[in-house]
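In the two assemblies presented below, chain A is common to both, partnered first by chain B and then by chain C.
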Partner chain A sequence: MLEVNNLSLQMQNQNLLEDINFTLNRGETLCIIGESGSGKTTLLRSLLGLMPLSLGSVRLNGQVYQSPEKTQTGLPSTQMVMQDPIAALNPRQKIKLSIAESLYRSSLKASELDQAIKQALKDVELPEEIENRYPSQISLGQAQRVCIARAIVAKPDILFFDEPLSALDAIIQKQIAHLLDRLKKQNELSYIFITHDLGFARHYADKILLLNHGKVEEYQDVSLFFKGPESAYGQELLKAAYILGSLPQKKTKENRAA
Partner chain B sequence: MKGKKTSPLVELSGLTVTYGGQVLIDSIDLDVIAGETLAIVGESGAGKTTLLRSLLGVTNSDFDVSGCLVFEGQQQDLSCYEADGSLVKSSIAYVPQNPSVGLDPLKRLKWQWGQAKRGAKALKGFLSHKEQGAEEEKAFADNILSQLKLKAFDNKYPHQWSRGMQQRLLLAFALIAKPKIIILDEPTSALDPIVAAKALVEVTRVAKENNISVLMVTHDLALATQFADRVAVLSKGKLIEVGTTDEILTSPSHPYTLNLVKHRHWGHAYA
Partner chain C sequence: MELSGKDNYLSYFMNTSLFNHLPFFKGILSFSFQTRIVLKKHYLIFCSLALLTAVILLGFIFTPYDPVETDFLNRLSPPSWQNWFGTDQMGRDIATRILYGAGWSVGLALIVSTTGAVIGTIVGLLAGSLGRFVDGFCMRVTDSFFAFPELIAAIVVTGVLGPNTVNMVIALILVSWMRFARLVRALTDDVKQRDYVLQAKLNRIPYLLILTRHYIPNIVLSIIVVWTSSWSRTILSISGLSFLGFGVQPPQAEWGAMLLDGKPYMLTAPHVMIFPGVAVLITVLVLNLMGDHLRDYLQSLEK
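And then the complex of A and B:
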């Protein structure tokens, strides 16, 4: 469905992204991992059209988007969910309006729009009353659900997520990940996540794209990556994740006890 | 640790922090044993930072703090406890979450390290009058740098170092003063995992070797259980459970802890 070919981005003689290639099929989840400054967010931004591409092309649903000017408006049928949900919502605007903004290009009648918003809130397991509240009146987890509702209401094919869970508490994280998984299956969505959390990637990704200094260090099926990364950098990253407990270890005290 | 009768380094009793009628910390009793790594785990808003700040005597001036702190037998009433007291200066080292807040951006790193060494020396009551002990001190300082794998400063300024290096330099600042306890505030959140893993492994090793307690504050139970000897669980200002890492993982007594334990890794909760 999505095909990224030889995507590169240069700014002020610096290579921010170099020769990125990957594909994403319908219903698949890709996790982009790598340390800060590796180009994860830049890659996502250029796919969204928030940054021009210097080279390369993006093919989405058979349509080719060539650099640089065509992608300026962003790819159609994509939506984005950010890291900080409160910052992503207009504080002076009721939740209802924030969700409705996703549909401003559609020709829905007022009653249909209402219906769509109600359905979206239901999909993200939020009570209907929330539509009349302001972002400051809801919790962080609820706000992220609103952002997800706002994204899915536009019926996209691909959803982009930039660290969507890292601002949330552990238990809420798991609930929202569970919700995303259900929505994906229900609506045949494809997901692209930027994440630091290798545990999350192992559990939810189909493919892993490991970036390092703007280049693809590794592009691999999730099971192969976690079995043993090919690159030294990937191996080091995996080792760190085990040390920090982000990935459960095979032979820890707890496992023996359990 | 369990069963062994060790007298605690820090005994916190009845710590209560209120702000305008709102209870932020609700009568917490907590001990830290010499040489142990104790993790305080809690979600956002649980009171982790307020607890830390109370220990350091730097709570918001509008906060009403009460309770008692006994540090190596020396008693301190927390309602009139101040950060410039000798206790904090000489015995407690604090490493902030974000390393750049601990460094002066306009001063060279070498100078800042020198400042830390001079400060540490002053704390020891000008022990090394003239040249006496200077050799040992230099060896001690160099050893800290090499243990933390920090090499030449090369006239660099903070921004010319990576965050990982900055964080390790702050750990060196903490260690040079020979504290009894090091407080790490969310030690991994500002760092990339490879750097974070190395820094934490180093600091817990150095602390163990020198019998320094580590008080680690984190929202991440999985991280806590990797490094801590004991874990204290904080929820809504209350200390709901304290136990050895094994106890917390295998037989948590509080349902909230059980929930945290269940959710600490991906894929168990809804499996």
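And then the complex of A and C:
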């Protein structure tokens, strides 16, 4: 479905991204991991046409959307969920208007639009009344659910997440992670996550893309990656995660045995 | 005919006007609990504003004098029961002239500061929300207008165009919009970095809609606060220009022009200058305090 070929990005004679290739099929989850400054967010921004490519292409269902010759802001049938849910909602706009924005390009009839917003709120397990509130009147967890509702209301095929859980506490993280899992199965969505949380990646991803200084260090199935990464950088990252406890110790022993 | 998603989104927007979500405006209209708290906290300023407005309105209705009609038998008479603030060198009632002068000073200042705010907001919005080229162009133009001292530039413009009320208004607008442009540009630039604007761009919402939905509602409060202080500053500028003879021309009852008229009699009949001076002082003070209170209140809303 989504195909990224030889994607490179140069700015002021600096290679921000270099020769990135991956594909994402329907229903798959890809986790982009790597240290801060490795180019994860830049990659996401260039996929969405917020930064023009220097080389390569981004295809969606066979059609080229991003290339050095052509840049389109926002891919069709994709949506994005940001890191900080409160910053992602206009404080002076009611929740329902924020959600309605995703449907701006849709051809829904008036009555269907209201219905779609209500259904989206129901899908993310929020009460209907919330649509008439302002972002300052809801909690952080609710705000992230609203952001997810805004993303799914347009019935996209692919959702991009830029560290969707990092601003939330552990219990809400778990709830949101379960919610995302359910929505994925329900609507056959594909996810692209940017995350620092290796535990989350191991639990929810199908594939892992490990970035380091704008280059792909590793791109493989999640089980293979966590069994033993091929690259030295990948091994180092996993080791650090085991030591710091972001991955359970049991796995460490398995790893050592392997 | 049923509306499509786009039209319906627009109708959503029409139904929720820019301001109706601001508890401040809503509160004023519905006299809610919040309004009562605001009134309690800022009662002094509300009382003085109400008193000032009431006095001016009552004065307009009940004054028996004409602001420009002369009465040479009653020249420079001191304050009395007939003429509360005394009369000027032409025998005109100073109290009546101050009331009518409020219309000139406050009204013209309102026109100047509002027009300045609108022009500055448009320039600042364009500079802050569009690309680097537009930003550079708009801000260099703003800087070049800033290069001239405000009052001197206004004097030069009215001097060239001819000293009258319309030219003074034009001159003051020309020297007052830049402050708004700079402020709005900085605020817009800040909003531009916010995730909700990025999200709107990704949803390919048209630029004008992003402006009206995201930029303006998030900067309008700060503009209102600066607008009130600009209003009082402009009253001073108008009075200053009129005092120097570049603004409202005699026999019109403008406070600055009244000060100019009274200057020769400063020692023999000081009331001719004192009362218009006090009127300027009180009005500017009340408007400044109103701006401060408004800012405090809006800041407390943000939290």
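We take it that the second predicted complex is superposed on the first by the 248 of 258 C-alpha atoms of A that agree within 3 Å, B and C clash if a C-alpha of one lies under 4 Å from a C-alpha of the other, contacts with A are read in each partner's own complex, and residues count from 1 in each chain.
Just so it is clear, a residue touches a chain if its C-beta (ideal position, glycine included) is under 8 Å from a C-beta of that chain, and two chains touch if they have at least 3 such contacts.
These numbers were taken from a predicted model, which means no experiment stands behind them.
Asker: Clash or fit: how do chain B and chain C relate after the overlay on chain A?
Answerer: fit
Asker: Output check: A:Leu53 vs chain B and chain C. Expected answer is one of first, second, both, neither. What do you get?
Answerer: Touch partners of A:Leu53: none, neither chain B nor chain C.
Asker: In the superposed arrangement, which partner chain does A:Leu89 touch: chain B (first), chain C (second), both, or neither?
Answerer: Only chain C is touched by A:Leu89; chain B is not.
Asker: Which of the two partners, first being chain B and second being chain C, lies in contact with A:Tyr104: first, second, both, or neither?
Answerer: Touch partner of A:Tyr104: chain C, not chain B.
Asker: Looking at A:Tyr134 after the superposition, I want to know if it touches chain B, chain C, both of them or none. Which is it: first, second, both, neither?
Answerer: second
Asker: Would you sort A:Leu165 into first (chain B), second (chain C), both or neither based on which partner it touches?
Answerer: The answer is neither, since A:Leu165 touches no partner chain.
Asker: Between the C-alpha centres of chain B and chain C, what angle is subtended at chain A's, in steps of 10°?
Answerer: That angle rounds to 80 degrees.
Asker: If you stack the two complexes on chain A, which partner ends up touching A:Glu236: first (chain B), second (chain C), both, or neither?
Answerer: first
Asker: Just to confirm the value: shortest Cα separation between chain B and chain C in the superposed three-chain model, in whole Å.
Answerer: 15
Asker: Need the overlap of the two footprints on chain A, from chain B and from chain C, as residue ranges.
Answerer: Looking at chain A, the two contact sets are disjoint.
Asker: Under the touch definition given earlier, write down the residues of chain C that touch chain A in their complex.
Answerer: Residue positions touching the partner: 2-9, 11-13, 16, 21-22, 194-196, 198-205, 213-214, 217-218.
Asker: Which stretch or stretches of chain B touch chain A in the complex?
Answerer: Per the touch definition, chain B meets chain A at residues 43-44, 188, 192-194, 196-198, 200-201, 219-226, 245-246, 249-250, 259-260, 263-267, 269-270.
Asker: Spell out the residues on chain A that touch chain C in their complex, using ranges where they run on.
Answerer: On the chain A side, the touching residues are 48, 50, 73-74, 79-80, 82-84, 87-94, 96-98, 100-111, 113, 134, 150, 154.
Asker: Which residues of chain A touch chain B in the complex?
Answerer: Those residues of chain A that touch chain B are 35-36, 140, 169-171, 173-174, 177-178, 196-200, 202-204, 236-237, 239-241, 243-248, 253-254, 257-258.
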